[in-house]
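Next come two complexes built around subunit A: one with subunit B, the other with subunit C.
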Partner chain A sequence: MSFLSLSRALTRRVVRTLRLVVVGGAISYRALFNWTTPPMFIGTLLVSPLLQLLFFVFLGRQLRVADDRFYLLGNAVVSASTACVYGGTMAVANERRYGTLGAVLLSPRHRAPLWFGRALPYVLNGLLISVFTLTVATLLLGLRIPVGALPGLAAVLLAASAGCSVFGLALGALGLRFRDVFLVSNVAASVLLLLTGANVPRETLPEWMRAVGDVLPLTHAAEAARELSAGGGLDRGRLGAELATGAGYAVLAVVLLAVFERGSRRRATLDLM
Partner chain B sequence: MLAIEAKNLRRTYSSRTGFLRPRRTVTEAVRGVSFEVARGELFGLLGPNGAGKSTTIKMLNTLLLPTSGTARVLGHDVASDPVAVRRRIGYVFGGDRGLYDRLSALDNLRYFAELYGVEPRDQRRRIAELLDLVGLTGREKERVEGYSRGMRQRLHIARGLLHKPDVLFLDEPSIGVDPVAARDLRRTVADLRTGGTTVLLTTHYMAEADELCDRIAVIAGGTIQALGTPDRLKSRVQERDILEIEAYGAADEHLDRIRELPGVRGVAAEERGSRQAVMVQTERGADLHSRVLAALDGIRIGRVVTREPTLEDAYIAIVEESESGADRGPGAAAADRSEEVVA
Partner chain C sequence: MTTMTTVPRILRLTVVGVRTHVSYMSRSPLEITFAVLVPLVYATLAVYLFRAADDPDRLLTAAVGAGLMGIWSSVLFGSGGAVQNQRWLGTLETLVSSPTPLPLVLLPITLATAVIGTYAMGATVIWGTVLFDVPLDFAHPVLFLVAVPVCVLSLGMMGLLLAATFVLLRNANALANPLDAPVWLLSGMLVPITVLPDWTRPVSWALPTTWGSRAVHAATSGGPSAGEVLAPMAVALALGLFYALIAVLVLGRVERRARAAATLSLA
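Up next is the complex of A and B:
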C-alpha cells in the first residue's frame, strides 16, 4: 500500500471516528436526554442550581461558616453535576427504556468513541450551566471576580464538567447490568454535594470523607476556582488533579462498559426493563 | 461457505428471586439446536411462544453467548469473533420498541448509519433509498412517537438494511402489522432474497412462511422438531383431512372430547374475534363430521368445512407431537426448568 493510500485510509478512519463522537453524540443527546425541552432545561438545569446556590449562601451567612465567595464558587462548580451525572446515566440507561440497547450493541464500531461521544454534550451542558450560575449569582450578590481570572476559571469549569461527565458515564455503565441505576445517580449527586467541599468546608469533614472527596470529580476544581476568584492565580496542581480524576473515571467507564457488555451477553440482561 | 451454521446450540437462563431465602431458577431455553443455512437462502424458524426462536436468533447475532455449542455466520464464530459477525448482519426486531421515539425517522436512520459504519458520503443516498423502499418518504421528518405500528415496523426494516448486510435476521417482523403492510413486507423480504441476501425469518404467520421460505425449521421445547421445505413439512399431514369448524365458546373440555375420538390425529383452536376456528385433523377418509359436532354439543356452531392440509396444519401436528412426546418422556418437564435454594 502506498503512503498516499495509507494516509487516505487513516484520514477516512479519523473522520469516521470523529463523526461517531460528534454527530453520534449530538443525535443520541436529543434521543436520550430527558431535559432537552426549554421548560425542562431552564427549570431543572438553570433555575434549580441557582436557587440551590442562593440557599447555601444565605444559610452560610446565617451560620457564619464561610463567606459568600466560598458558596458561590463551590455551587457554580457543583451546578454542573445534575446535567453531567444524570446525563451520563441517561445516555446508557434510557436505551433500556426505548428497547434500543440491543440495536446499539450490535454496532461493530469501537465502543470508546461511541460512549464518549455521548458524554460530550453533557460536558458542554455542564460548562454552560456553571457559567450561567456563576454569572447570574455574581450579579445578584454583587461580588467581583478579577477579569484576569476568567480564562483560568473557564479552564477549571471545563475540566470539572468533563470529569463529572465521565463520572456520570461510569455510573451509567451500571445500567448495562442493573435496572435501577437512577438510584445510584441520586446517591452520587448527594455524595458530590457533601464530599466535594462545594458547601461544606472540607477541613471540617472527617478524614475518610476528605479522602473520598479527593477522588471525586469537582473537588479539586472547586478549590482551584475559589483561589482564582480570590486573585490567587491558577493552581496548576489542582487543575491537574481534577483532570487526572476525570481521566481515572474515563478509564473506569471504558472498563465497566466493556465488562458489563460482555456480561450482558453471558447473563442475558439486555432485555430487562 | 455457509451463511449460518449452528451446531448443538444450547442456552440456559438463570434467575434469582427472594432476598432472605434466595432461589435460583434455571431455564433451558434452547437445548441442542443444529441447522445450516446456505447463502442466499430464506430460512424460516417457526415455533410457539417460548420455543426458543428469539434466543436462537440472539445467539446467532451475537447478543447472547451460547451456554454450549457453536455457531458461525459467514465463517465467523459468534462467540469469539462477534465484531466480524456484526459487520455482516442486520437484525430487525418485531414490535413497537427499539426505536428512539423522540427522534424523527430520518434522525433514527442517521444515528444508526453512524453506528453501523455506513460511509458518510453514502449515508444520504442510502437513507433516501431505504425510506423509499419501506414507503416512509415524506414522513421521515416526523417524530417516531407519532408513528403507527406498521410504520415503526417498516422503519425497523430500513434500519436493519442500512449497511447492506449479507445476512438479515427478521424476528417476527409482521407482528401486529395490518394485512396490506404485511403484504408489502413480504414483497420486500422476497426482493431481498432475490438480491442475494440470506434471510433468517421467525414468524407466527404460516402463510407468510409458506410463501417466503425455502426451508423451515419448527422449533418447540428448545429443540428442532422438523426441518425441510414447506412442501415436505406439509407432506407429513397429507394422509389427513382437516375439518374446520367455526365455533362460539369452545372450551378445553370440548377440545379434549374431540381428541379422544378414534381417528382424530390432532385438535387446535384459534381465536378469531368473537369466534373460534377449531381445526380437527382426522385420518384421511374417516367421516367424523357428526361425532365431532356431537362433541361440541351445547355451543353455537357456524360454518363447517373439510379442506386439504396446509402448512399451518403441519405445524400444529409437529408441535402437538412434540408436546405429547415431552409429556411422555421421563422427567421431560423438569428438564426445562429447575429450581434450587441458593446457600
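Up next is the complex of A and C:
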C-alpha cells in the first residue's frame, strides 16, 4: 500500500470516528437526555443551580465561614454537575431503560468513541450552565471578576465539565449492571457539594474527606477558579490535577463499560430491567 | 351519611391510606435513599460549616435543619408527582371513580411523602449524635416530638396543593427541581430568615414550612417558653389547612376537566 492510500485510509478512519463522536453524541443527547425541553432545561439546569448557589451564599453570610466569592465560584463550578453527572448517567442507563441498548451494542464500532461521544454534549452543557450561573450570580451579588481572569476561568470550567462528564459516564456504566443507577447519581451529585470544597472550606474537613475530594472531579477546578477570581492567575498545577482526575475517570468509565457489557452479554441481561 | 359517621370514616381512610402508602414507599430503595442519604450529606455539610463557624452549640440545630430539608424534598418530589405516579401505575381511574372524593384519596399519599421525609429527620439527628457527638439537649424534648408530626401534617397538606397544581402543568418537574433550595432558604430551615432581604419576608410567612420549621427549631434550641413552639405550630396547621382547602378546589376543577376531555389517563 502506498503512502498516499495509507494516508487516505487513515483520514477516512479519523473522519468516521469524529462523525461517530460528534453526530452520534448529538443524537444520543437529544434522544436520551430527559431535560432538553425548554421548561426542564431552564428550570432544572439553569434556575436550580442558581437558587442553590444563593442558598449557600446566605448560609455563608449567616455563619461567616467564608465570603460570597467563595460560594459563588465554588457553586458556579459545581453547577455543571447537574448536567454532567445525570447526563452521563442517562447517556448509558437510558439506552437500557428505553430498550435500545442491544441495538447500540450490536454495532461493530469501537466503544471508546461511541461512549465518549455521548459525554461530549454534557461537557458543553455543563460549561454553559457554569458560565450562566457565574454570570447571573456575579450580577446579582454585585461581585467583580477581573477581566484578565476570564480566559483562565473558561479553561478551568471546561476542564471541570469534562472531568465531571466522564465521572457521570463512569456512573452511567453502572446502569449496565444495576437498575436503580439514578439513586447512585443522586447521592454522587450531593457528595460533590460536600467533598469538592464547593461549600465547605476544605481545610475544615477531616483528612480522609480531603483525600476523597482530591480524586473527585471539580475539587481542583473550584480551587483554581477561586484563585483566578482573586487575581492570583491560573494555577497550572490545579488545572493539570483537574484534567488528570478527568482522565482517570475516563479510563475507569471505559473499563467499567467494557466489563459490564461483557457481563451483560454473558448473562443475556442487556435490555432487562 | 351523618357527620357523626363521616369524620371517623375520613380519619380511618386517612390513617389506612397513610399506612399503605408509607409501606409502599418504604419498599422502594430509591425513595429511601433519596429520603435518607442526601439529607445525611447536607447534615454533614451543615455540621462542618457550623463547626467552622465556631458555633458548636448549634450543631443539633444544623442536624435538625438538614432533616427538615429532607422532609421538604420528600414532599416536593413525592407529592408533586403523586397524581402522575398514580397515572403511571394505572390506578388513577380507579381512584377517581371510587365514591371517595379525590382529595381524600390523595391526602394520604401526600401525607405519606411527608412521613417518609421523617426518615431524614431521624437519620440526620442519629447521624449527628453518633458521628459528631452532637448532644441531644433539646430545649423542649416532648414538644419536639409533637412539633415534628405537626410539621409533617402541615407539609403533607401543602403537598396536596402541590399535587393539585402540578397535575395542571405538563412540565411539573421543571418547577419542582428549582423549588427545593428556595423553600429551604425562605422557610429558615438552616438559615434564619432574618438574613434574607426584607422583601422575602411575606413569602416566608405564607409558607407552612416556615412555621413548621420555626416550631421544630424552637423545640430544639429555643427559649424556655412553650409558646415559642406552640404558636408557630398552630400557624403551620392553619396554613396547611388553608392550602389543603385550595387544593380541594383545584382538584375538583382538574377532575371535572379531565373527565370531560377524557384525558384522565393521558400523561
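The rule is simple: the second predicted complex is superposed on the first by the 273 of 273 C-alpha atoms of A that agree within 3 Å, B and C clash if a C-alpha of one lies under 4 Å from a C-alpha of the other, contacts with A are read in each partner's own complex, and residues count from 1 in each chain.
As a convention for this text, a residue touches a chain if its C-beta (ideal position, glycine included) is under 8 Å from a C-beta of that chain, and two chains touch if they have at least 3 such contacts.
Since the model is a prediction, treat every value here as computed from it, not as a measurement.
Clash or fit: how do subunit B and subunit C relate after the overlay on subunit A?
Subunit B and subunit C fit side by side in the superposed model.
State whether A:L20 touches subunit B only (first), subunit C only (second), both chains, or neither.
first
Of the partners subunit B and subunit C, which touch A:N199 in the superposed model: first, second, both, neither?
second
Per the contact definition in the header, classify A:L32: touching subunit B only (first), subunit C only (second), both, or neither.
Touch partner of A:L32: subunit B, not subunit C.
Please indicate which partner A:I42 is in contact with in the superposed arrangement: first for subunit B, second for subunit C, both, or neither.
Touch status of A:I42: second partner only.
Is A:P108 touching anything from subunit B or subunit C once the two structures are fitted on A? First, second, both or neither.
first
Would you sort A:R144 into first (subunit B), second (subunit C), both or neither based on which partner it touches?
In the superposition, A:R144 touches no partner, neither subunit B nor subunit C.
Touching A:R265, do we find subunit B (first), subunit C (second), both, or neither?
A:R265 sits against subunit B, while subunit C stays out of touch.
So in the superposed three-chain picture, is A:Y98 touching just subunit B, just subunit C, both, or none of them (first/second/both/neither)?
Touch partner of A:Y98: subunit B, not subunit C.
For the combined overlay, can you note the least CA distance between subunit B and subunit C, rounded to whole Å?
The answer is 13 Å, the least C-alpha separation in the overlay.
In the complex formed with subunit B, which residues of subunit A make contact?
Those residues of subunit A that touch subunit B are 15-16, 19-20, 23-24, 27-28, 30-32, 36, 98-100, 102-109, 114, 265-268, 270.
In their complex, what parts of subunit A are in touch with subunit C?
Within the complex, subunit A touches subunit C at residues 37, 39-40, 42-44, 47-48, 51-52, 54-55, 58-65, 180, 182-183, 186-187, 190-191, 193-194, 199-201, 204-205.
Using the touch definition from the top, list the residues of subunit C that touch subunit A in their complex.
Within the complex, subunit C touches subunit A at residues 29-30, 33-34, 37-38, 41-42, 44-45, 48-53, 55, 171, 173-175, 177-178, 180-182, 184-185, 190-192, 195-196.
Which subunit B residues qualify as touching subunit A in the complex?
11, 13-14, 58, 61-65, 82-84, 86-87, 89, 91, 93, 95, 97-103, 107, 110-112, 114-117, 119-120, 159
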